[in-house]
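Structures are listed in the sections that come next.
Across the two complexes that follow, chain A remains constant while its partner is chain B and subsequently chain C.
Entry: the complex of A and B
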């Protein structure tokens, strides 16, 4: 008997027991079940939840690989091993094995913790509640390592994943019932619980925290500073990165969100496969541009002086806002989460527009919360059902009016 | 309990568990979020509410037959305000720093819905002894939740209990902190109190399925 037959035999043995959901999850992950519906008419659709999740993960893989190279690149650049890139996206200084291996060994534990802890909780709840394990965590588990700073301590990530999955998802009834995006819940928890590890100029480049400690203990090495662009701008300082650096992602930041170029490709892939909503992506971009443009006009009109603490971020050219920070990543992979986004088409436009609009507003007005996109998406997650409600009610009212005119 | 009849002991014990004012009736949440960042203010708040509700219930119960029903809310307010002012003055006289820490929230006991709720729902229709037990019971039920929330928030948020550094010194890096442990800043923020109360509600309702409402 092959593995498949063995698994089927085991499945029959465990049917109806407490452990059945956990076993079934592993089984269907490896093989398509050979149960088919018998009799009657039924609809066959290829894009089940597993297919959807896998598509999103495929869209995330380039960001992950790039993140590994970039982690190593930023580290090696900071310690003076290599020179800054010169030839754009295909620079040899960037795509080197030395860079990759540094990043790979830093990021692998984060991925293992994210999936191990998160899926462990999913399995636990499935066994307790007696339902099948849902595939919802597959994407969350991949998103989490991409949106945290590379040097985040593993125990903090563990605590945050437990919190995010239990409080963000399982208390509401599991996959498909959650109000907030679980990956962002995890990041928000980390952000508020351990702010020293989630912001500032020491956490974005691998090795910076370590180096600070060494210096405190009397080492003579140079300090590594890895401020993000948002941090630099919030302090009204000059940027040392070019627009192409920002677009291709050769900048410090959370692991997977630096390369706007690859995120754009991932976004197009999601739109092409009809997994991600183009309405949300487009309207979020519009919202961000509008808000950025308003701020630019305020600066042009001379309403704030260049000594104001908002000047640095306000005077940033409006379209640069899309290239820096986690804006693009949030719009493409987080705002489009089908569970927590608005469901109606008109609702999606409003929901997306407000995400972009509010992100830039938080980013500019509250430099203590440099990543406005996280908070904006969580806020709009909460409002999505309300938006949908009014869109649906509006439609009902309009049609009632039409019906009345006809009968009158 | 030998001292109390079965009915009387139910008055005290029910609010502690299956009829808890905070987790079942969802009253008094505001102060439960505001002052539970540490254990000590939580306990002081619990004691204050026990005093106010215990005495207040007796006073209202004694006056229940002479209060014109049209102005009963005003009378209740005067009783509770008087008692709260006594608590406030005592705290200011004997525990000034604590009184500073609790700031407006002692004064806001007046608006705590549990108190007016018990006056209306119980003291106006029952004798002084029963009202006293009911008041103590409900205030204890409120206090228990406050203390549980305060315990977890202080332990994980500041690494202390009653100000004692039970997990080691976070600045000197001793105890757990030497291993890289850090205080959870989220625990100190009020939203986390809401989540802790939520978890208590979750645990309670999964132990007793009858409490789950549709």
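Entry: the complex of A and C
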């Protein structure tokens, strides 16, 4: 094996130099290192962090591919090239090469920017601080293109990724040390730095922005409405999508968030591989259902009329909340981030439940931007250490009590 | 009456190379080595010098903090070398054995005598070294009074010596040692659920039958389930095989460092049991029908989870009853991080398939299977950690050296070996046992 020997020689050559982390990052991508256990257990289990992160990426791939088709589908549907799907999940109108190629060429630059900029910063920090390049960004870099609107300008994404990686992660010490989920930090930055762009109804379907400009310049074509379901509901308008559309994901929205079906499969895969926390996923779903149900009760009780600006979202059947917006995606792929979630098993139940609960609350009451998952998760990220503190204190108190009984 | 303790959290790592139940007498070793580092935190004060002739059972050194606590030679012979490390720390005493062995006669001990007499006797004869204490997992303080004495008769760690087998025929010695120790405190003994351990038939004990995956046989698990150590309390632990040495000393006055040990591991051609002495050269056992000379193997005095790495020219340490030899894993693995893995153990299912074959025995090597990282995953350690302690939180408190928090989270209850499984499965490849050891050392220094 020439390659192996040559890389080994290079590794020895770079050992201890500033460039070692950068070289090792590439080397360990190809080869698991030859390091052996020293001092502790002499054998080690098969998993490392790369494998763990890779598993999450595998769970994300179906969402990504679906997102590419859906981008093209929404675009072609809006400009009147094709008809809406009729035959369920495997409809030919959806799974066409024409749809895919539109989405592929639209999304590929986002992925390249996300990984290129993000990993570039990771390498830079690793070299400056002399630690190994850590794998956390492998997942973040995949999440980022999936949670942004498809027509986001690339420069905006670049600025946001730089902000998210530096302020969201590196200042705390890198992977494992951050308080906020980096991918959501990036999205929150976009949301608050460019609100007119992010909260408009034009960015969710590819081509809508351009068409608006054309109309402004005197074109007679119809405007494309790129409004998401949540936007429609927030304005108390009638929905034009069926439940199966929402479940399978034939709706406008951030690239990866639309297909609840594939997210569900991804979530089950993460639970099966024991990488994602089923406690967080389950409790988040419960939290969302409970809050949604409370709002439904409020409407049923007649405390709120259909003239209220909250009526549209409050009267949405409670379980529909799981199908629309970023709810499912957030629960499965964002809330379960082990670093920023609660770390104790009991804490995870509380953390997850509150995420679901608060998500729906923000979704209903937030007038500017009817999506709550991102804010709910970031909020609970901040509270997770507090939740853990009280859970751990329970153990500590039990220990103190035991000591007192003995001495008494 | 025995009580049942059933453990659910844990992991049985099934490895190739379990020792066959046949005992051979090991070739008599020419050299013996006693390493003070085996007695963690004890600073040795040498009695014997280079060139001194000692009998088996004669004092080599004593504890600098307590002159009464002696550490004795397993053989008679001449001290040929005192190996020293940095700052003249004593690394090892090398003894060239006599052809004909002579033993010091410590005199029969009257088992009716009181605890203080026994304490003095054990300290003087070197048998105190076999009594360890928690907190801190060190040789018990000479003046400590335990609230209980814990002995595990069930070795659940991978490739460990089967105590039911190695203790067979030693009933008299075991009973003598237990009768004696029970003068200090109640003796708690655990045995496997369906075992025919000689320990199960002892008098003066509280018997527990344990079942479930490793670490069900760890003495730390037994303590945690029966009577966890609170602040200000002390428990003692004694390895079951060392009871035999204590018992024989009390019955006959002879310090007989003989021990039946297992030679196991996938690198060994014919894994089996040997009768040998503490401090023997490992080379007296490993080559005949054992490992290939010069092959790239790791020699471990102890089990694969908590043992010490020794070379092929190394020695059996003071507390181990198993020598494990497994292949080194110092090779690269092409795309090792994303290809499906069938030949390694994992407790996830991330393209690792050991969950499909729960009874398969694995031939694991020493490769790290990844690189050291910050702690990232959560909730994984708890799956293999049966103690009522938060493992991730206590490890982190050791890393940032917060003594109050370490104490509150249960540092008095743990020993490094309790964290062997969490270290094994750690995705971030953190050295858990070392972190705990350093944490305990810090507590000894700051709290005492």
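Some observations on this one:
We take it that the second predicted complex is superposed on the first by the 392 of 408 C-alpha atoms of A that agree within 3 Å, B and C clash if a C-alpha of one lies under 4 Å from a C-alpha of the other, contacts with A are read in each partner's own complex, and residues count from 1 in each chain.
Here is the rule we go by: a contact is a pair of C-beta atoms (placed from the backbone, for glycine too) under 8 Å apart; a residue touches a chain by one contact, two chains touch by 3 or more.
Predicted model, so just to flag it, every value in this text is computed and none were measured.
The superposition on chain A brings chain B alongside chain C with room for both. Contact with neither chain B nor chain C is seen for A:216 once the two complexes are overlaid on the shared chain.
A simple residue count on chain A separates chain B from chain C, and the partner touching more is C. Contact with neither chain B nor chain C is seen for A:90 once the two complexes are overlaid on the shared chain. By the touch criterion defined above, A:301 lies against neither chain B nor chain C after alignment on the C-alpha atoms of chain A. In the superposed pair of complexes, A:195 makes contact with chain B only, with no contact to chain C.
After overlaying the two complexes on the shared chain, residue contacts for A:153 are found with chain B alone; chain C is out of touch.
After overlaying the two complexes on the shared chain, residue contacts for A:402 are found with chain C alone; chain B is out of touch.
Contact with chain C, but none with chain B, is seen for A:50 once the two complexes are overlaid on the shared chain. For the overlaid pair of complexes, the smallest distance between C-alpha atoms of chain B and those of chain C rounds to 11 Å. The touching residues of chain A, counted against chain C in their complex, run 4, 7-8, 24, 28-52, 54-55, 132, 134-136, 173-177, 272-275, 277, 279, 338-339, 341, 343-345, 348, 388, 392, 395-396, 398-400, 402-403, 406-407.
Chain B makes touch with chain A in their complex at residues 180-182, 184-187, 189, 195, 198-199, 202.
Partner chain A is touched in their complex by these residues of chain C: 13, 15, 158, 228, 230-233, 298, 300, 304-307, 309, 324, 326, 328-338, 341, 344-352, 354, 364-380, 382, 388-390, 392-393, 408-410, 420, 423-429, 431-434.
Those residues of chain A that touch chain B in the shared complex are 153, 155-156, 159, 167, 171, 189, 192-197.
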